[in-house]
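Following are the structures in question.
Below, subunit A partners subunit B and then partners subunit C, in two separate complexes.
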Partner chain A sequence: MKLDRYILLLILLILWQVLCSLEIIPTNLLPSPFHIILGLKDLLIIGMPPGHFLPNHILYSLYRVTLGFLAAALLGIPLGLLLGWSPRLRRITNPLVELVRPIPPLAWIPIAILWFGIGMKSAAFIIFLGAFFPILLNTVSGVLTIDPIYFEVAQTLNAKRKDIFFKVLVPGAVPSIFVGLRIGVGIGWMTLVAAEFTGVRTGYGLGYMIMTARDIQRPDEILAGMLVIGLIGYLINGGLRLCEKKIVRWRN
Partner chain B sequence: MLTICFSILFSLQMQDMVRGEEKPIRIGYLQSDIHQLACWVAMEKGFYRKNGVDAKVAGIFRAGPEEMSAFAAGALDMGYVGEAPATTAVANRVAKATVLAQVNTEGSAIMVKKGSPIKKPADLAGKTVAIPGHSTVQDFLLQKALYKFKVDPKMVNTIVLKPPEMIGALKTGQIDGFIAWEPYPAKAQTMGVGEVLLTSNQIWKNHPCCVLVSDDGFRHLHPKNVEGLVKAHVQATDFIHEFPDEAVKIGMKYTGMDEETVRTAMKNVNYTYELSIDGETEYVDFLSRLKYIDVPHAETFVNRFIDPKVLEKVVGK
Partner chain C sequence: MAKLKMDKTNIIDFSGVTFGFPEQATLFTNLSLSIQKGAFYLIKGPSGAGKTTFLRLINRLEEPVSGIIRFKGKPLDAYPPPQLRHSLLLIQQTPTVVDGSVEENLLLPFSFKNNSHLKRPRQEKIERLLAEIHLQDVRMNDHAMTLSVGQIQRLCLVRGLLLSPEILLLDEPTSALDRESAFAVTTLLERLNVESGLTVLAVTHKKQDRGNVTYRGLEVHHGHVEECP
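So, the complex of A and B:
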């Protein structure tokens, strides 16, 4: 076990706790790690808003992020492969992609409510927007960085266009696709608070929970919610890395 | 590194708060909230200046909890805010602030879509009603209305939407009703989108709503400025009653809404600076019951949270 990578984190936590205990950092502005753990306990036992418990918030958020992320992956990967494959298609779509890409997902909130109403669909749409472009652009970049010699060899061996696409282009782009997926899911989680700010019918969601904790002025629970989002993101990233290792064996 | 940066920033901020002798008073208010007309009147008619106060708007907020976060961050000295979010922030020890004067009583309404089958409070069962946020005055009023008219709160699905988004959501049928501060109920009416199901007067007559609060540190360091600002607030409130037409024009300027909407809204608001101790005690009990705050003795908390001395001195009681 390589525990040394956690040493810096541990030192920071201890320093943070000491500074809070000595009241150098006001705990009403930045609660101590100990208070955050107590906040986490309250989220599990009392809930935020009271009666709405943490595990349900996690499940609803996971559902929204999965929905938005899957939609982004299902659209972003094939489109990215096509754009990488065809210079003409890339030229045609480039202005549109570059125009829409810099618009922050937050700016889409009023439009999302107008198109999809309040609830699951608009939240998933905001997460989709956050995840889509990293997946698309990394897929395109994955195709473009494949060594041209592989295409030439395939053509020399009289491979059909279909075979070149599925046996050279797709596997060649897979490592980059995984990078896009990992960045995409990370940004998807980042947009979660904004996405669940569009109005949540069910009263569940980590973003909604954090906003409610803000309304009720509980910074300890806000930070506990942020910690949960961070941990889930960390686990998902780890899971994707594991998948990547299994699928992209040849790279090792 | 992050921890060190935080502590440096916090200590710089604390120094800033302690220095600040010559700086203008940083005030905050809620965006387009006609309850806080006295603040706008005081600015427009120069009441702050006339009372020797140099007031500067340091923040315009979309909801009370956001404004109380600004108090916690030391970014505001005084502000106009809902009594419920102020109570929550102080009871949860996030902000150190005290109520010095009332701003208004009443001034909210539960709205339903025009021509809706919801004709009485009992019809809200099974419906979706938007509130501006948890622990807002409107959250409290909705719960109180459901209790008063014997509707099981579990039967009403409440969702959080900011008031400017409520009218659109009601129009498109995404919600069945909303409760908001004026002028949003009036706007829904004049737009032909909504109709009043209950005014807050019908839910709780003379209920306290917005208050003028001061940061505790600022209050102790600058008593003269605080007194001047309370005096300006009293004069502005009197002005609204004496010159309602001029007050309407100021309301139109700050809300960006038409005359009919502002006049309709103002009819639903009672502008007063008289403090309501009993009303605040009821808020504290309610917020404790909902577990938003943990206050064992409501009266002790209220006696600390509301300080009537400055107001009494200003109005000569």
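So, the complex of A and C:
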């Protein structure tokens, strides 16, 4: 494994720790990396609020993200393929998509709470909105960037429209679909914390955990929670890249 | 190798065919000519003259503005497109393979519903064809997209031949090939023309200097397609 890509990160961590140890950085505002590790340990052993342990927070958050993300993928990919396939459908839906797309997912929180109440559905809906448009638009663009020669070759080899759809269009759009999935899950994951700030009452979730840590003035646990969010986002992205490598074989 | 007796009947007839792309000058005007069954045509002409379009008209990828093109005496639109395209197979100039193995690409057309009635070719037949055009080193499980352009071009030819068409429409079939490979492709096409009576129409810029079959020439220029020596 090449370790050189972690050098910059390591230097910054050491610098941060040194500046905190010399009290140049006030640790009540920005705890040192060492304190963050201790905060992480507290989250694991004591929990935030006490008795609500980190793995449970992670599981609840992952469950919400999975729900929202799966709904976004299950709707966004087929819809994107159809919109890419049919210029007419694209023309009809374009104004609606372009109108709804720029609305930040967070702006939907009040209406989501009205519709679904405070809870799982509301949080998953916000995550769905964050993930849906990148997946949809990347799928459409994946179809549109397939070289038309592929469709023509399939046609001359006697393919039916259904064959062309499933054997040319879908595989041709796969690389772009994966880009959409990765961006979608990234935005979904980012939206999670905000969705859990307001749309959760179960007492579990990374966003909820961070807000509780803020309420009792534990910046070390806030940052430890942020670190966990970053790490999980990194792992999800890595997992999707791995799937992409397995599916899009010729790129290997 | 004994030549089969050539059937002299016309297989394709153009009658008063006019064609032009929208908002562009007319490409063909009142085109009338016949293509003989079992003949080997070399289509020549300057760039942009309409050589590719001529093949696309036969394959119904383009429709004439006026006039009729007949296949075996019946207008092209009297045939269901799948039946027509199976008989008149066009292999485009741009060699195109999908993300998959050599075998998956060769058998791709057999996975299409329209071709479900066709018998899958035997392994030996595929291997023989590949060897004939110097692709014997390509393995069935090699990834098609990792092959060279020249190898992919030959692979596309084999993929088309496995469908056993009656007429083969080839757009620059040796454009990406070195001299030896181009020679092998020509030899294979000549063999199929002589042994199986395959009618071949090939757009080519390369000079044909071989004498195994009697080539016929078609010159595309200034809106006309004419027989030439």
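Operating definition for what follows: the second predicted complex is superposed on the first by the 250 of 252 C-alpha atoms of A that agree within 3 Å, B and C clash if a C-alpha of one lies under 4 Å from a C-alpha of the other, contacts with A are read in each partner's own complex, and residues count from 1 in each chain.
Keep this in mind: a contact is a pair of C-beta atoms (placed from the backbone, for glycine too) under 8 Å apart; a residue touches a chain by one contact, two chains touch by 3 or more.
Keep in mind the model is a prediction, meaning the values are calculated, not measured.
Student: Mind checking subunit B and subunit C on superposed subunit A, clash or fit?
Tutor: With subunit A aligned, subunit B clears subunit C, so fit.
Student: Could you say whether A:50 touches subunit B, subunit C, both of them, or neither, answering first, second, both or neither?
Tutor: Touch status of A:50: first partner only.
Student: Counting only touches as set out at the top, which of subunit B and subunit C does A:86 meet: first, second, both, neither?
Tutor: neither
Student: Should A:21 be classified as contacting the first partner (subunit B), the second (subunit C), both, or neither?
Tutor: neither
Student: By the touch definition at the top of the document, which applies to A:145: first (subunit B), second (subunit C), both, or neither?
Tutor: Once the two structures are laid over each other on A, A:145 reaches no partner at all.
Student: Regarding the shared-chain residue A:94, is it in contact with subunit B (first), subunit C (second), both, or neither?
Tutor: Neither partner.
Student: Is A:219 touching anything from subunit B or subunit C once the two structures are fitted on A? First, second, both or neither.
Tutor: In the superposition, A:219 contacts subunit B only.
Student: Figure out whether A:118 sits in contact with subunit B (first) or subunit C (second), or with both, or with neither.
Tutor: first
Student: To the nearest 10 degrees, what angle do the lines from the C-alpha centre of subunit A to those of subunit B and subunit C enclose?
Tutor: Superposed on A, the angle at subunit A reads 160 degrees.
Student: Can you tell me whether subunit B or subunit C touches more residues on subunit A?
Tutor: Counted on subunit A, the partner with more touching residues turns out to be B.
Student: What does the superposition give for the shortest Cα distance from subunit B to subunit C, in Å?
Tutor: Between subunit B and subunit C, the minimum C-alpha distance equals 42 Å.
Student: Taking the stated contact definition, name every residue in subunit A that is touched by subunit B in one complex and by subunit C in the other, in rising order.
Tutor: On subunit A, the subunit B and subunit C contacts do not overlap at all.
Student: Write out the stretch or stretches of subunit B touching subunit A in their complex.
Tutor: Per the touch definition, subunit B meets subunit A at residues 1-4, 6-7, 10-11, 14, 63, 65-66, 68-69, 72-73, 85, 88-89, 92-95, 128, 130, 133-136, 157-161, 165, 168-169, 172, 174-175, 290-293.
Student: Name, in rising order, each residue of subunit C that touches subunit A in their complex.
Tutor: Interface residues on the subunit C side: 59, 61, 82, 85-86, 89-92, 94, 96, 98-100, 108-109, 111-115, 143-146, 156, 159-160, 163.
Student: In the complex, go through subunit A and note every residue touching subunit B.
Tutor: On the subunit A side, the touching residues are 12, 15-16, 19, 24-26, 28-30, 46, 49-50, 110, 113-114, 117-118, 199-201, 203, 208, 211-212, 214-219.
Student: Provide the residue numbers of subunit A that touch subunit C in the complex, in ascending order.
Tutor: 147, 149-150, 152-160, 162-163, 167-168, 171, 174, 248-250
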